[in-house]
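Input: structures, listed below.
Two complexes come next, and they have one chain in common, subunit A, joined by subunit B in the first and subunit C in the second.
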Partner chain A sequence: MKEKIIKKLTEKFSENNIKFSEFRDELTAQVNPKLIVEICKFLKEDSELLFLQCIDITGIDEATSKNRFTVSYNLFSIPNNFRLRLKASIEGSGDSIDSITSVWKSANWYERETFDMYGIVFNNHPDLRRMYMPEEFEYHPLRKDFPLMGIPGSLPLPQK
Partner chain B sequence: MGLESMASGDSFFTTTVDALVSWARKNSVWPMPLGISCCAIELIAAGGPKYDIARFGAEVMRFTPRQCDLLIVAGTVTYKMSKVVRKIYDQMPEPKWVMAMGACTSSGGIYRTYSVVQGIDQFLPVDIYVAGCPPRPDNLLHALMHIQEKIGKTKASDFPNQTNSDINVLQN
Partner chain C sequence: MEKLTKDDIHPKIVQALLGADSNITLEDALENDMILNMGPQHPATHGVLRVLLRLDGETIMAAVPELGYLHRGYEKLAENMSYHEFIPHTDRLDYLSPLSNNVAYVMAVEKLAAIEVPLRAQYIRMIICELSRITSHLIAIGSFAMDVGAMTVFLWALREREKVLNILDLVCGARFTTSYTRLGGVASDMTEEAVKMITKFIEEFEGNFAEFEKLLNTNRIFIERLDGIGVISKEDALDIGFTGPNLRASGVNHDIRKTNPYLKYAEVDFDVPVYTEGDCLARYFVRTDELRESVKIIRQVIAKMKPGEVTSNQPKKVLPHKTEIYTKMEELIHDFMIINFGINPPVGEVYSAIENPKGELGFYIVSHGEGHPWKVKIHSPSFVNLQALPQLIKGHMISDVVAIIGSLDPVMGEADK
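Our next item is the complex of A and B:
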């Protein structure tokens, strides 16, 4: 299955846009963030790959590295019982990437969660609101520059 | 047997109104079980037959704050939840008491983080803190006995006369 995925994706999107790595039998593909929607669409709709399920989407904040944010997608192919991880490193200090809600509807809330926690903006998302934090909250808690105990006064408490 | 045999016939005893009222009040504490995480399991156990909170007259768990006089906050209170907790407290009629059950409620506990209130005493007047993570039902009953002791010492003058229009009942 692994060889098939690697062969099909490199044929379709060329080696510059997609690089594979393997760790403990888990296949990870570093992909060009500009092509994320096309790659996801191909993975889902190809008659042999059939990654029908998007398990999770989350962000990574590598504050000191050249590309600050990475979005990580965990996909599952039900017919092949195979899991694949996509990683899209957003170039430079940018914080926006195209939404893949057009491919998997389950991505909707995962992207909202990632937006809430990391402040990564998903373009063309139908309803990009916060998931966990109160709507009036201005910060993104899982960013590396956010202090553990929060910012005093940013979350109001009721009067005593 | 006991008091009632001594009080048979035309017997009487003397007391003050305050003592009688506070005695009645402390032996019929109606708790509002605000179980918002694992402490609630121990709170439920305290209500079951093994620990039996009914021995202390506090078995009437009401699921509306309007009929309660003891708010048991059992669980982690986040900043988002704090408004709900405060609203429930505001809906309880006077006189009322608050018990902070468990480490999270009393101090934030293991959740030393941006989203959890580091102790509900930041927005509620707490009468008693119960240690433990979660506290055993015995510990909860011990706290309840302390609350009863506190209620037993109250006088009518501790609670200012309130007319119906004074009572600020929150509507949704």
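Our next item is the complex of A and C:
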């Protein structure tokens, strides 16, 4: 299965856009963030791959000045019983990437959560609100520059 | 439930609720749609779930679930503590089955750090996973029945659950917040007395359970309130990311214990119940059938268990037993190093998932080779299952909302992390 996925993806989207790595028997594909929607659509709709489920989407704050944010997608193909991880590293100091809600409906809340926690903006998302924190909250808690104890006064008590 | 005016709700939520036609007025209920607020303090929402409902008469036009009332930031906490220190926090995720959360987390770390687990510890883990599946499903069925008006079943379910909690007290030393697993094994061996108690429990359980199934399966009110309510098709269930019993109620035969057997699930013989209707009743039947399969698994595992070690012998990664720390120099040094600097797994990232009572519970861990993880992402099944709520309750009556929430069986500690 691994070889088939590597072959199909490199044939379709050339080697410059996808780089594969493996750790503990898990396949990770580092992809070009500009192509994320096309790649996801291909993985879902190809008759042999059939990645029908998007299990999870999350961000990673690398805390570097260049390419700070990475978005990690966890896809699962029930017919092939195979997990694939896509990682899209957002270039430069940017913090926006295209939304994949058009491919999998489940991406809706995952992307909202990632936006809430990391401030990564998903373009074309139908309802990009915060998931857990209050709408008025100004910070993104899972960024590495957000202190563990929180920021005093950033969460006002409810008014009576 | 209380009626809300437009000023009470954040404008963005109003927009999500009303869609395109957002210039209608909300004040006069007879002229217009009404906005109802359900939760977060509502007994039938299974925790602090808030759902805003837009109603036309008694029919639900749109619904917006609001999460985050129990958000404690476990993913942030995990980044700031060692791998061992996070184990007690996993108890508080899905607080109805703390043991399987413990197992899921340590299995992810063991995969990352390549820690072997002795055979007996794996069997013990299987038993406690299935015991926690029984407790979780009992609460799910009991509170679900109570939501639709059958009070007795809830009390009977809690009575059975009490027996399991007594067993857990003997095995783990705690009834609820167990923190029983360790990297490379479990905290302490299962005693003969505990094994006897488990055997006695599963012998009695099937009979007891058949008794309260009788109360429900022949109850016309119960059946008619659930049959054909909250239907989700196979394609939609896959698309919205359902896992676990809810997915199997929609006709997808997928169980991680079968498709990707972890621990020793490949050695035991059990069936995966699948129903195709995809409604609330099917979700109830999947859970009742799974209870019987769990009993079957426990019975087989107890027969297979042999005496042996319960923690592996990898002193650089596995904490030594306390009696050894006090008497031996080497163990004291290792304990000091693990507690102060952590286990430093190699640079890399893993995702490991197990079949929790609620669905697929997965941990995605990114390691930079330090004593604490760089990132931990918890994939919680309750969060995913709740996402389907708006499309499930659309077009139904208010009284069906509690039935549908109950059938999804969310636990907010897990959904909010």
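FYI, the second predicted complex is superposed on the first by the 156 of 160 C-alpha atoms of A that agree within 3 Å, B and C clash if a C-alpha of one lies under 4 Å from a C-alpha of the other, contacts with A are read in each partner's own complex, and residues count from 1 in each chain.
Criterion: a residue touches a chain if its C-beta (ideal position, glycine included) is under 8 Å from a C-beta of that chain, and two chains touch if they have at least 3 such contacts.
Not measured: the values here are computed from a predicted model.
**Q** Just to be sure I read the superposition right, which of the two partners does A:142 touch: subunit B = first, subunit C = second, or both, or neither?
**A** A:142 sits against subunit C, while subunit B stays out of touch.
**Q** Using the superposition described at the top, determine whether subunit B or subunit C touches more residues of subunit A.
**A** When the residues of subunit A touched by each partner are counted, C comes out ahead.
**Q** Tell me which partner A:155 touches in the superposition: subunit B (first), subunit C (second), both or neither.
**A** The first partner, subunit B, only.
**Q** With both complexes overlaid on chain A, does A:72 touch subunit B (first), subunit C (second), both or neither?
**A** A:72 sits against subunit C, while subunit B stays out of touch.
**Q** In the superposed arrangement, which partner chain does A:81 touch: subunit B (first), subunit C (second), both, or neither?
**A** second
**Q** When the two structures are overlaid on chain A, which partner does A:1 contact: first (subunit B), second (subunit C), both, or neither?
**A** In the superposition, A:1 touches no partner, neither subunit B nor subunit C.
**Q** Report, in rising order, the residues of subunit A that make contact with subunit B in one complex and with subunit C in the other.
**A** Subunit A residues touching both partners: 132-134, 141, 146, 148.
**Q** For the complex, give me every residue of subunit A touching subunit B.
**A** So the residues of subunit A touching subunit B come out as 132-134, 141, 146-151, 155-160.
**Q** Under the definition above, what is the set of subunit A residues touching subunit C in their complex?
**A** For this pair, the touching residues of subunit A are 23-24, 26, 28, 52-56, 58, 60-61, 72, 74, 78, 81, 83, 85, 104-106, 108-109, 117, 127, 129-135, 141-142, 146, 148.
**Q** Give the list of subunit C residues in touch with subunit A in this complex.
**A** Listed in rising order, the residues of subunit C that touch subunit A are 10, 12-13, 16, 67-68, 71, 73, 75-77, 79-80, 111-112, 114, 236, 238-241, 243, 252, 254, 259-260, 348-351, 353, 360, 362, 364, 366, 374-375, 377, 379, 383-384, 387, 416-417.
**Q** Touching residues of subunit B toward subunit A in the complex: what are they?
**A** Residue list for subunit B touching subunit A: 79-80, 82-83, 86, 112-115, 117, 122-125.
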